[in-house]
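You will see subunit A twice below: alongside subunit B first, and alongside subunit C after that.
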Partner chain A sequence: MSDQLLRVEGLKKHFAFTKGILFSRTLGHVKAVDDVSFDIKAGETLGLVGESGCGKTTTSRMILNLEEPTEGRILLEDEPISGLQGDALKAYRAKVQAVFQDPWSSLNPRMKVGRTIAESLIVNGWGDKEKIAGRVRELLLQVGLRPEQAEQYPHEFSGGQRQRVALAAALASRPKLIVLDEPVSALDVSIRAQMMNLLKDIQAQDNVAYLLVAHDLATVRHMADHTVVMYLGKIVEKAPTEQLFADVRHPYTKALFSAVLVAWPGRSEEEIELRGEVPSPLNPPAGCHFHTRCPYVMPRCSQQEPALREVSPGHAVACHLFDNA
Partner chain B sequence: MAIVDRPSRTVVQRRWSLWRAMVWPRREAAPRRTARVPWIPIVIISVIVIMAVFAPLLAPHSPIDQTLRDKLLPPAWMLGGKDKYFLGTDAFGRDILSRLIYGARVSLIVALLALTVGGGVGLAIGIVAGYVGGAVDSILMRLVDAAFTFPAILFALLLAVTMGQGLGTLVIAISLLLWATFARVIRGEVLALRQRDFVALAKVRGCSSLRIMLTHILPNVLNTFMVLVTLNIGVVIIAEATLSFLGAGIPPPTPTWGLMISEGRGRIAEAWWVALIPGIAITLLVLSVNLFGDWLRDRLDPRLRQL
Partner chain C sequence: MSDTPPGDTVLEVRDLHTHFFLRRGVVKAVDGVSFSLKRGEVLGLVGESGCGKSLTALSLMRLLPKGGARTIKGEVLLGGENILQHTPAEMREIRGRRISMVLQDPQTSLNPVFSVGDQLREAIERRRKGASLSEIMKEAVAALRRVEIAAPEQRIGQYPHQMSGGMKQRVVGAIAISGEPEVLIADEPTTALDVTIQLQYLKLLKRLQAENGMAILFITHDFGVVGRMCDRVAVMYAGRIVECGPVKQIFEAPQHPYTRALIASVPKMTGPAGRLTTIEGQPPSLMDLPVGCRFASRCALVEQRCLDAYPRSVRVGDAHTADCWKVSPP
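Let's look at the complex of A and B:
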């Protein structure tokens, strides 16, 4: 299994819900991420899909070592990342970078763009100013900006350009994995395709792996090699993207697909319309978390939690409908 | 005569303030525009700063030497006034204009030092409390609450009694009055900043907490800090004058504006100028600094409008 760049095993994150300041009582736990496992190969893209609040951002924050997992392991190149400190943590940070959703908040407004891009180089002790400046020029060109723009401040850039700067900053330390948390959803539709193609070009050049967190299926289809669908902190379906789009199994994934507007209305296909809200993660439904909204609900669904099992090679689904498949 | 269609004159909207409302009552609720540069306050502040810096060159007499023969002379334009003493003399025959010029020095030095010390401490505590959060934040903010409950003037008097009068005591006393305001406002700013993605990204890049606080947080609260500094210059000058007036400030005979008022207070009926002239000076300076601070706040940091 050494061809896996990143392995996530049984990852859980429970946030305690407390009351009171001084003598706080724990009233319950929000299971933001509950037993999630997947892996990413070098140079590959994994798409993580789900509605807001399903735990996809929390998962990515744990991989970025911004949150401590409650349980489970994250391994980069077979090295567990929990408890990394000092130089080992720095080395990990150089290998795993991120681009966030909001280009207006991800650049320090008081810092020249070149300095933002150079940040990880400075922190990682490149020292030599000429060398850093050279790398910054190279990165700006790579993301389609002009080298002299290094001297400008973020407010002089448009949203799309800012996102390019954020990408350049993430690429600076030549990472092996970049977490892309909704990298295009804040951009104009007209710029999205440009940004996605840029991301693909860079992947082809640098052999960097992406963890693409998104709620937009079109983005995922365009970018991802594998796709993981999450609902209320759990993986409900996991498959190579092509296969998932060709053969949707889980009712929740079907509902997600039905919600996408298609370019040819009137096309008759099985449609699932979800009713009601996502149940509170503080008190998730027993059994299958989805049974309250599932059109195919069976008696067993409210009692027994379905396990994630393979229905065809590489395609796993957590649903009782496929128990006998 | 041909009727020429003239471009309508641009109406400059003045910002509403209590001060302006008293002079020019507002006619209609107008949309808020960028405030005009407050030239008059800037000129007044500049004059006082120049007075303070070049005091030995500008003062016509020594501020300390007594000429008892010329005591309690009224200003030059009044009956019995001498041209030699433009603003008159005090009970010891000292030239009030010269004392005013030297007094500006003390006021400004105290303001500068107290704002550096008190403001700097408040800035540091605010950044640490806001960024580190948790127990550190709770403890520091309870300290701030405690500082707010303390009667500052009383504390300064206590300090003056125990440590003795002087510049150091004065600066420490006023700093103790200032730091809590700075800490609280800056902390609030930092709490908002900490949620921004660039702070999380800085961590992902491998920056240490100290580095994040210095390169990412600090530059982003400097605007707020500058606004707080200007808004508090007035507070400091009044505090200095109050403490000097109460005898807990700079010891006589060094001229300070507060001390001058205190000395003239007893004879306000027969020699009003001794107390009133430094009083006017304080009023002008504080008012100017506050108007300037208001403008700066609107320019740099409109979110602080409630302060």
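Let's look at the complex of A and C:
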């Protein structure tokens, strides 16, 4: 067995774009995710970064087995996850959990939070009532809430506390991997820091791996061991986080970095302002998808699609600027 | 264009109180806010959700939400006139002409069943009464060009759903500045936009401001945006401004413990990527505010006098004030 917890190989997801209801015809395909590969080691965090529509959420939905890939495979502990059914699927769901962005819509308002947290334990027949109640108390303490809060309803909690409840529910089945889809972007600054610290503490205690889907680079920098940058369904750059932040290579990643508004005024760094907007994924530009907005565009960029290749150990970039590197 | 010379105060807010009168009690959402805005200046109003920053903006526009919200005290002086005394008809003349507003979500600011051109026309017509339709449409195209929308002649006939989020927010901006207001209130205008689009939009706002010298009240929770956009910044906590000063001073030497903790808790792009500083606890309930400092329950430096009385405002530097008992004048 390899030391990789999760392997994603050549993952593609194409959505058909149709017209008409009775005699519908396919007009084209939206390549939401187009040939994406990466690994996550046990107990590590992988950050998945990009702007809206880059395919990061579709990728995470396929990993959660909520969406069937068009092509490619996903392996958890060397076992392919496609076609899992019945008990095998239940077992998979116990190992791979999720925390979503909006703590207002991810909790059932009519359910006491203790029951929400216990849900996955009950479904999996984890133990009797007493045992489950004990585990719920333990989970509430672990996420920094009080055990008696199990008897409260979601509306009695603040946004940050709700996100803690969502995390406790995800942790209940002792998962190996938690998909964190923008876990802190709906939270206020001071609460955000509490949540990020909590996530790191829990990872250190339980050795759980995270797939962190985020658009905020500073959050990724504080949380992730490795970072993958996506643009229009493709990976444009991937590297160990520290190395990526020290040495950004791809022009899109550079633009993304310079768009981060460095809080401290008076810092004038090289700034790339991208003209225009992300092209429609229905009809992405030929060649490199980024060439329409790239400040370093060359003739071959519009003809040939750049391959993702290593520029230094562990650091891969998909850009013609590095063809001869 | 405004007639006030640069550097003159265009808007002054004094001791503004806007409360919600509910059956359960009184929510003191804005409770003694004062600040001033000079021509050509960008003042950032930062704070966390529920601190009262958006309600402050709505109080200035006199567009309070239905259901018990009332401004009970204070003055809002626009060019020396207290607009809180104006009749609704007088306010309609001021909105869009002298004070405009851009909101967070461009999706809900535009009417989905009218074309972009129609919505711009409505704003321009009010200012240019009696102008012919072709003149007004020419001006509408020019307004779209000013906010850097490509091919404005084609775009003008389109509907909001045919545009991306960034483009819609530009249209909202075009409508807001079409009356050439003296004051623009921007309430989290880029929160719904992607980062590369956010940068484009902020730069556009800066360019437009340089052209016509309007003053901007920029409401945000993002210190990155403050650093990029603002000249001065006011930090709000539980209904009051606790610290106000030039951006550089606030970033480099924040005085109020809340400002200090808030800045320290922001994840950084440089420096050590270790544990973040956090502010423990929650802000106080606005229905049951303490008599003393509102930050006292979460403050590391708290002492008896902080609980006994609300701190006086201390002048700590040039145009820099902080409401804290532990801060002493230089």
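Throughout what follows, the second predicted complex is superposed on the first by the 318 of 325 C-alpha atoms of A that agree within 3 Å, B and C clash if a C-alpha of one lies under 4 Å from a C-alpha of the other, contacts with A are read in each partner's own complex, and residues count from 1 in each chain.
Heads up, the rule we're going with is that a contact is a pair of C-beta atoms (placed from the backbone, for glycine too) under 8 Å apart; a residue touches a chain by one contact, two chains touch by 3 or more.
Bear in mind that the values here come from a model prediction, so they are computed numbers and not experimental data.
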Contacts of A:E277 with subunit B and subunit C, given as first, second, both or neither: second
Which superposed partner A:F245 touches (first subunit B, second subunit C, both, neither): second
Partner touching more residues of subunit A, whether subunit B or subunit C: C
Partner chain(s) touched by A:L140 [first = subunit B, second = subunit C, both, neither]: neither
Partner chain(s) touched by A:M196 [first = subunit B, second = subunit C, both, neither]: second
Partner chain(s) touched by A:Q97 [first = subunit B, second = subunit C, both, neither]: first
Touched partner set for A:A168, first subunit B, second subunit C, both or neither: neither
First, second, both or neither for A:S106, with subunit B first and subunit C second: first
Touched partner set for A:E51, first subunit B, second subunit C, both or neither: second
Sites on subunit B touched by subunit A in the complex: 138, 196-198, 200-207, 211, 215-216, 219-220, 222
Residues of subunit C that touch subunit A when the two form their complex: 48-49, 164, 166-167, 194-200, 202-203, 221-228, 247-248, 251, 261-263, 265-269, 273, 275-280, 282
Touch list for subunit A against partner subunit C, complex: 51-52, 158-159, 188-194, 196-197, 200, 215-219, 221-222, 242, 245, 255-266, 273-274, 277-278
Touching residues (chain side subunit A, partner subunit B) in the complex: 21, 64-66, 89-90, 93-94, 96-98, 100-102, 105-111, 116, 119-120, 123-124, 166, 169, 173
